[in-house]
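Single-structure report; data block below.
Order of writing sets the labels: A, B, C and D. Residues in every chain begin at 1.
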Amino acid sequence: MTFLPEELLADQIATIIGDVRHVAVGNASPIPAAAALLARERGKLQGTGRPYVSLLGSSQHTFWTDGGRELFDCAGQGRIDVFFLSGGQIDGEGNINLVEIGDHAHPKVRFPGSYGSAHLYYVVPKVILFRTEHSRRTLVPRVDFISAAGRSAPNVHRTGGPVALITNRCLFSFADGRFTLKSVHPGHTVEEVIEHTGFDFDRPAQVPETPAPTGETLALLRDKVAPQLEAVYPQFVAKVFGRRESALSA
Amino acid sequence: MTLQTLDEAIATITDGCMLIVPREVCGVPMAATRALIRRGVKSLHLVALPTSSLQADLLIGAGCVATLETSAVSLGELGPAPRFTAAVLSGAIRMKDATCPALHAALQAAEKGVPFMPLRGLIGSDVLKYRDDWKVIDSPFGESDPIVLLPAINPDVALFHAPLADEHGNVWIGRQRELVTMAHAAKRTIVTVETIEKRNLLDDPIYAAGTLPGFYVDAIAVAENGAWPLPLPDRYRADVEHLAMYAKMATSEAGFGEYLARHVYAEQPLSASS
Amino acid sequence: MTLQTLDEAIATITDGCMLIVPREVCGVPMAATRALIRRGVKSLHLVALPTSSLQADLLIGAGCVATLETSAVSLGELGPAPRFTAAVLSGAIRMKDATCPALHAALQAAEKGVPFMPLRGLIGSDVLKYRDDWKVIDSPFGESDPIVLLPAINPDVALFHAPLADEHGNVWIGRQRELVTMAHAAKRTIVTVETIEKRNLLDDPIYAAGTLPGFYVDAIAVAENGAWPLPLPDRYRADVEHLAMYAKMATSEAGFGEYLARHVYAEQPLSASS
Amino acid sequence: MTFLPEELLADQIATIIGDVRHVAVGNASPIPAAAALLARERGKLQGTGRPYVSLLGSSQHTFWTDGGRELFDCAGQGRIDVFFLSGGQIDGEGNINLVEIGDHAHPKVRFPGSYGSAHLYYVVPKVILFRTEHSRRTLVPRVDFISAAGRSAPNVHRTGGPVALITNRCLFSFADGRFTLKSVHPGHTVEEVIEHTGFDFDRPAQVPETPAPTGETLALLRDKVAPQLEAVYPQFVAKVFGRRESALSA
């Protein structure tokens, strides 16, 4: 069955999410949102009823009633199992930069800001890094500004951190301060990943291809997830599930 | 509570004061923001709890802001906030970068009348590194357990827009409870509302649960569509077309000036339906 | 959310666990308390946020409590809480005397996932003197500015009674927002309610403002008149006659035993109208 | 015009309250509640609209919507100007004891507990101590347990504290760690006050008699305050304003 890169990524992310209690997804993240809803549909099929999915941009898929601090308090309580972050830059130690490029006193580029990353990255057990521009501009040897650090000294309280980085080209896992290439998406190669990645990473002798989503997964995405996603991301749903156009490189 | 005009209500937002405003989905006081720009307020220490979009961009572009304390400014799916970005790069504003829960916690410190609040995370980040006003201590309840202490943020004025107030000055804020924390933390609270009803919100337990008592509210003005072109939760959505126009115009200083002339300095701000 | 019987719902309140319950005017889970006594729970670390009346007195008198952490126990206008008083004087329970805002703040520390919370006051009091678990530090934001740090209270179980839940496990708590903090802070939350409605409280912004999301709720049981003989805010008042009878009977151990036999161990607790 | 001791006390307390923004009154305090409502009626007459009065036991006279912590947060913010406290024991330095009598390890008497006193006493500018049993049992040289201290070292953050102690016999003011006898209620004497007070206090050569409430004050109490108080303290209102019986010694 044919599928779009968005569907491949959502499938992979849903698998990384796994069987957890609560996945929260930030604003403007349609693919992670699709993945979280897919994980929930899988949970329904398996009879677990998990995970809860909070789409922060949605009033329908959100359970918050204690104001803007509740997400962070909830994460601090250990009740958020999975969250998604990105970065203007991401480096090989898992540091992310959401603030600026260049010298801090005179930056050349300014991004919006760190949002909640400087807290959530430390207390959410599975943070999935998501960046669909896989290039030496975004995946760098060392970020110019650390919005949130990929790892901490042993005495620093830390119950969370990055577990994976998924891009338009491949999937990395993250452990002990380093990324490992897990699989390369169909149509991409290991050499291409090396060429476009600014940081060192580990890889097995044979890097598998990221498996295509099964027919069952595609049916769940198209029949169950897309209708729920539509209220929050109408343009994304129209494009991917309607016109079946990808915004990502093939 | 005496009902005031918009300009009367914002009169106490004086040059140089610390003004706190809420994030986009909470009731951003856009009508009041335009009135502030028309009045030419200067040198604000603007705290956006915990992020901002059009509001911060407008105030910065119009030269009202000296210091900005927030976790992010962006126009969301419409891209970067152009005047914010330009002002940071040119050094026109002093930036105090934070992270969302740090701002919430620092407000809660003020709400509780304590000088600081602890927060997990942050250690090893440059957000912490560039905040001389944040301190790291060893938690006295652990062994070699460093933790960040954030000083209380005590704003001079909290300003927000809400759907409804009653004639006693009680304001219905619903689930937007950071508005309550803002009002508790600030020396003065100024609220614009869609409408004022002749009733007492505190008499109805269902409404009371989402009500900020009038005791905390210093001034109220009616501003219909007062969050426009931003959304008001459960009432109206964002005016995406207008915001897209802004995002385009504000990429240049000239375009931004034209936006101000047309949509801010013009005596009657456009309503959502125009 | 699976609806449970009262006995099923309280099954996870095990011997020795830290159980937190609310003050008298917030929805005290009295039906659940009687069920706990019938089941013979032992050695509770009971935290009453921030005070208690009949509930703590009953649990203490029935021998369920090893440690009590609270700011006051009293039957109000009906006088002292007799079993509490006797147990403190005989040393039968370990008392952790607190002050109301210290308990609220320590719960908020757990809510925020931080190890402690600062609080003003307390210095020079014997409340502080006898709390080895509270620390005084010099505030790093002042000069010679001592301030008390309270360790987070992380209860095993929060237990309270509320007017209403929906079929999704969302619980309407109205203005009783310490119930929200309790649920956020506790590892498990068990709620008894007057009634369960077939709706989603979060779909209605007016109700949602006073709703604890079901995500925090581990078990719900229906217990009509579940706060009796204590009041439930906006629903029913205290049964003053019954409480006066209790106050009188509980002055002696024998009388308290008789009260337990009649009103707790009897299979069907009396309802408010009987 | 004849009046009851309760009316005299309410009048005196209302005068100490003065022109402030917010008076909060704890549970089971009908006389302070009457005084606070009297202060509000006076404010209405003077056109100030002040003070707000929060009767903590009442749903009608309370503005709280943020749960039980709001009173304390509000006081910490400096928004509560006047509060009332009492004590099983009160000593000459203004320390109050709401916990126990005897040795801490083996107390002889146990009171309910400190409630919020260990915080409010430090942050509410005008705390009015109220105790209608004026005896050497209650007013002692040194409390056995300090629930809240009457004064603090200069470096201890303190924006509040006791300003007065009113009893069934007299009115003391409090400043610099000592009480001063201000006036003795009609029917009582300075000698009697000395006899029944366990702590040292200052007093002027001539101690005035506590002035009787004016006709205007009595009218306000009976016509305006009593009806508002009735929902919260029905028995008190029936007794004092209905049957005109005092619970205090004359």
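The definition used in the following text is that a contact is a pair of C-beta atoms (placed from the backbone, for glycine too) under 8 Å apart; a residue touches a chain by one contact, two chains touch by 3 or more.
The chain lineup, named per UniProt: A, B, C, D = CoA synthetase.
In this text the structure is predicted, and so the values were computed from the model without any measurement.
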*Would you mind telling me which chain pair, A-C or C-D, is linked by more contacting C-beta pairs?*
C-D
*Could you give the separation in Å between the centres of chain B and chain D, each centre being the mean of its C-alpha atoms?*
40
*Taking each chain's centre as the mean position of its Cα atoms, how many Å separate chain A from chain B?*
29
*What parts of chain D, by residue number, touch at least two of the other chains?*
64-66, 72-73, 76, 123
*Residue numbers in chain B touching 2 or more other chains?*
101, 105, 108, 112-114, 119-120, 142, 145, 147, 175, 180, 208-210, 233-234
*When you check every pair of chains, which ones turn out to touch?*
A-B, A-C, B-C, B-D, C-D
_Complex interface listing, chain B residues touching chain C_ = 101, 105, 108-109, 112-120, 135, 137, 139-142, 145, 147, 149, 151, 173-175, 205-210, 233-234
*Taking the complex as given, what residues does chain C use to touch chain D?*
22-23, 26, 49-51, 70-74, 76-77, 80-81, 84-85, 88-89, 91, 97-102, 104-105, 108, 119-130, 142, 144-147, 175-181, 233-234
_Interfacial residue positions of chain C with respect to chain A in the complex_ = 110-114, 180, 184-185, 202, 208-216
_Contact footprint of chain C on chain D as seen in their complex_ = 27-28, 59, 64-69, 72-73, 76, 98-100, 104, 106-123, 145-149, 152-153, 155-157
*asked:* Could you list, by residue number, the parts of chain A that touch chain C in their complex?
replied: 22, 52, 63-66, 72-79, 123
